[in-house]
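Take a look at these structures.
Two complexes come next, and they have one chain in common, subunit A, joined by subunit B in the first and subunit C in the second.
After this line comes the complex of A and B, so read on.
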């Protein structure tokens, strides 16, 4: 495997990981398969682009705008697709349809407001390459990796040690038990949606260092995020991270050796095989304790 | 005001099914009450009604003079966290566990008020003194524990908060007799302060001499209440 493939694999791994963890946390704590995650992603890109063209091209402005747009869209999805319908029968199906609708309407709205032309984001990490021994990295790749590892690390620490993080994990494991220890599902859900929205916003900025912002920019990342979350076992953060490594490198290697048109085929083939062998995904291997 | 919980005229159930019929009972401060009755006669449903987990309910449930149940029916569990925050700790049958969390996290989850959270280390130590076997298991995920250890975690979790009313559902269910004895003893040694405890139990012998009063349930109705003194004289 040459260095270029390795680097792009690493970069994709980070971005898919961020998205998949969002999908996975939402699914297990809210029972919602969030198909509007792609819209959150695209809208965050536009938020960042708008702030960059209106105010300043500094990295802080771009990141701040992208992440807060993401969180805001997450909260909108919470109000539309969670708050009023979450205790109705068949909520997962309703949520699936509602988020799909949000995605379609949202993407068309972006198209209507900003037009179909792609927009470039400023290079927030600067342009240039850096050499570590015989490894050559662009600043964009470097920044993506450092940024995602830092953010995911902080997220894991926060989930593990803060009260709010404990509440989110408790709701993921057992909503009824969580209610019995005074944890509000609706408040926790609001936090989850804002947080995962912010993560999608971050991923949008990172991916837009290589690609452009466009109304449909969210579709591919959404599919990849869902694949990774499924592969990792929905609801498992560790599984999602390992799944992201597998899918990210599979994509980079397929593109390098077989050709870009086979990427999705190989990825879906892989998850079909893995889910046939391990129905609960990678998480089935990680869990020390079985659920009853 | 000496009563902590007063339930009057409560009916509740799931969907079209009516499980509780016109229940009325009062629990006073500082007392331990045994709720006895056969399987499927509404003990757990009564607890789930008090904590707002049933599909529907009507009637009045007052906790410390505040209405926590009754007329309005929302989705099941929607008010539960508020009721829990007012000081009702339900230690459910089957242990409503967070399988993947460790024992330590589990106990911390029970410390839901700001005060309890800031005191969580001290309170955790207190729980570990009550249930010494948990001391070595603090880092273990709860899913790996045995039934008895899980029950201790559930009870310990309930003891972490600032609780006024403990509702303990079948503490001996599925445990070996020796262990269930230990669990009941631990419950009896809990300092109630100005709160109260209701223990639902099928095994009358376990409760003997441990509770101040017994309430019988049958077919979703309260079938009378005796203090343990008169129970003894009837049995003897």
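After this line comes the complex of A and C, so read on.
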């Protein structure tokens, strides 16, 4: 494996990891498979692009706009697809369908408003190349890896040590138990949706360093995020990270040695094998526990 | 005459409903079964309409009629309209309905979230088209081979379902769709250059292609396919297999405990639905003379899922109606671009948020809602007015008495509206003899009352002195004095009794 493959594998791992952790946290705390995550992703890209063309191309503006758009969309999803139905019959399947509908509406609205043409985002990390001994990497790759590792580390620390993080983890473990000790599911869910939306916004900007912003840009990342989250076992952050490593490196290596068109084929082949061996994902136990 | 009838209708009862389906009692009804079902066309019961007491006949089950009318309409309207746009849209509708019916068996009856439906159709369409182009098989053979290919795919999809469930199975099947798509898009055999595989044999003669007769033939054939799939749906969903699957869907543990081999049932339903989908795939290839990679796109799967959701999961009519709604919006308003997909998205969202089971579940949901509101209102009612409250009613054994109390209350409510100063004045002037309608009704009610605490006139000195007393209604217990006013005029005394009774009525 040469260094270029390694670096692009690492970059993809980071981005998929961010998305998958979002999907996974939403599933385990809210019991909702958020299929609108792809829309959040695409909309954040557009938010960042709009801010960059309207105000300034500085990294702070781009990141700020992308992340806040993501958080905002997350809150919108919370109000539309969670708040009204979360205590009604048949909630999981209805939430899934509702988020799917939001995705459809959102993506088509982006298509309608901005048109199908792709938009570039400014290179927030600069466009140079850096040499560390043998290893050559672009600033974009460097920035992505450093940024996402930093954010994920901060997220884990925040989840582990802050009071709000404790509440989120309590809801993830057992929503009823959390309610019994006085943790509001609704408030926590609002935080979770804003947080995961912001994460999707961050991932959108990081991925747009190599790809473009387009209405359908969210579909592939959503599928990848779902794959990683399911492969790792829904609800397990550690599992999602392992899944991200497997999927990210598989993608980079397939693209390097077999060709780009086989990427999804290889990934899904791996998923079929892994799911047949471990039907609830690599670290998945929680799905069983969530059943009422 | 008509006037008289409406006046009767406005006087009897409080029901708003009028008869919908009136038959005379002597008429013999057809009681033949609809073929292959245990329903009859006219099975129902006779009852008197509470509104006008006319004899009416209510059908137990109107669904056969809805199906008949709907299907005849669906067949006739596109052919009668006859434009190419409508015919193409109608054929798309028929094809998608057939696919959705088979999908509904898996997703509704068995409750398994499989997304591989279109993959089976696509695979069968591609393989039969390829066989037809390269080996020259004819279209009837394409249908047969398509079914076989579907069966093989059924085994491939059904086996993992024995081990994996829920979202993990959805992901697995999504993976299969993607594998098929990537293979087809990049394979030389299946037309990587032309963006599809075309040139297969078709049941539509070449001369008729893309002309109205060919489109009509295509639509009629697709319609027959829908009928076939409706039959299959009914055979699976309405019979033993459907029952086993529904039990396992509600609770696997229960199903296992009562001895249902639900793994086998699920495997069987995968085989059946995939064979049906394979047949549809063969038909697709024979209709379009080929297949295109659009069959495998995620967007298409989402759109089809929207159809099922909008119609209502778990019922055949849901699959058909949902398909009709979505295909109509998608194909007829094609010049509106993304807006029509946004509209579909909003319909899907609204149906999901507010309807429990799709568009066709709205009626049942509304009835439930209305009953809930009714009982809430009844529970909130604090005014008693002589009627038994629901919690008292359970203690009273004679249920006739409850109805009497309710009737009596309503009657009193009505009589209260009749008592006006004019009526009282009328009685004062002439206590006995012929009266106005209102006064007569009030007096009739008073006369009919039981003996308990009933005001009567007592003659102290016949013809000269009167006073008002009240009877106890109990044998051997003497009446009691109400007050000590002595009346010398009999009419005045009668009016005093009337006033006392009116006062009690107004206070009740």
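Here, the second predicted complex is superposed on the first by the 283 of 292 C-alpha atoms of A that agree within 3 Å, B and C clash if a C-alpha of one lies under 4 Å from a C-alpha of the other, contacts with A are read in each partner's own complex, and residues count from 1 in each chain.
Throughout what follows, contacts are C-beta pairs under 8 Å (C-beta built on N, C-alpha and C of every residue); 3 or more make two chains touch, one makes a residue touch a chain.
Remember, predicted model here, so these are calculated numbers, not experimental data.
Visitor: Mind working out whether A:234 is in touch with subunit B, subunit C, both or neither, as first, second, both or neither?
Guide: A:234 sits against subunit C, while subunit B stays out of touch.
Visitor: Looking at subunit A, does subunit B or subunit C touch a larger number of its residues?
Guide: More residues of subunit A are touched by C.
Visitor: Would you sort A:175 into first (subunit B), second (subunit C), both or neither based on which partner it touches?
Guide: first
Visitor: Is A:75 touching anything from subunit B or subunit C once the two structures are fitted on A? First, second, both or neither.
Guide: Neither partner.
Visitor: Have a look at where A:6 lands relative to subunit B and subunit C in the superposition and call it first, second, both or neither.
Guide: In the superposition, A:6 contacts neither subunit B nor subunit C.
Visitor: Contact-wise, after the overlay, does A:118 reach subunit B, subunit C, both or neither (first, second, both, neither)?
Guide: neither
Visitor: So subunit A touches subunit B in one structure and subunit C in the other; where do those two contact lists coincide?
Guide: Comparing the two interfaces on subunit A, one with subunit B and one with subunit C, the shared residues are 287.
Visitor: Where on subunit A is subunit B touching in the complex?
Guide: 86-88, 163, 166-167, 169-170, 173-185, 287-292
Visitor: Show which residues of subunit C lie in contact with subunit A when the two form their complex.
Guide: 160, 163-168, 171-172, 174-176, 178-179, 182-183, 185-186, 298, 302, 305-306, 309, 337-339, 341-342, 344-346, 348-349, 352-353, 356
Visitor: Give every residue of subunit B touching subunit A within the complex, in rising order.
Guide: 51, 53, 74-78, 80-82, 84-85, 89-90, 92, 96-101, 105, 108-110, 112-113, 117, 141-144, 157, 161
Visitor: Going by the contact rule set out above, which residues of subunit A touch subunit C in the complex?
Guide: Within the complex, subunit A touches subunit C at residues 33, 80, 84-85, 89-90, 94, 97-98, 100-102, 104-105, 108-109, 111-112, 219, 223, 226-227, 230, 234, 261-262, 264-265, 267-269, 271-272, 275-276, 279-281, 287.
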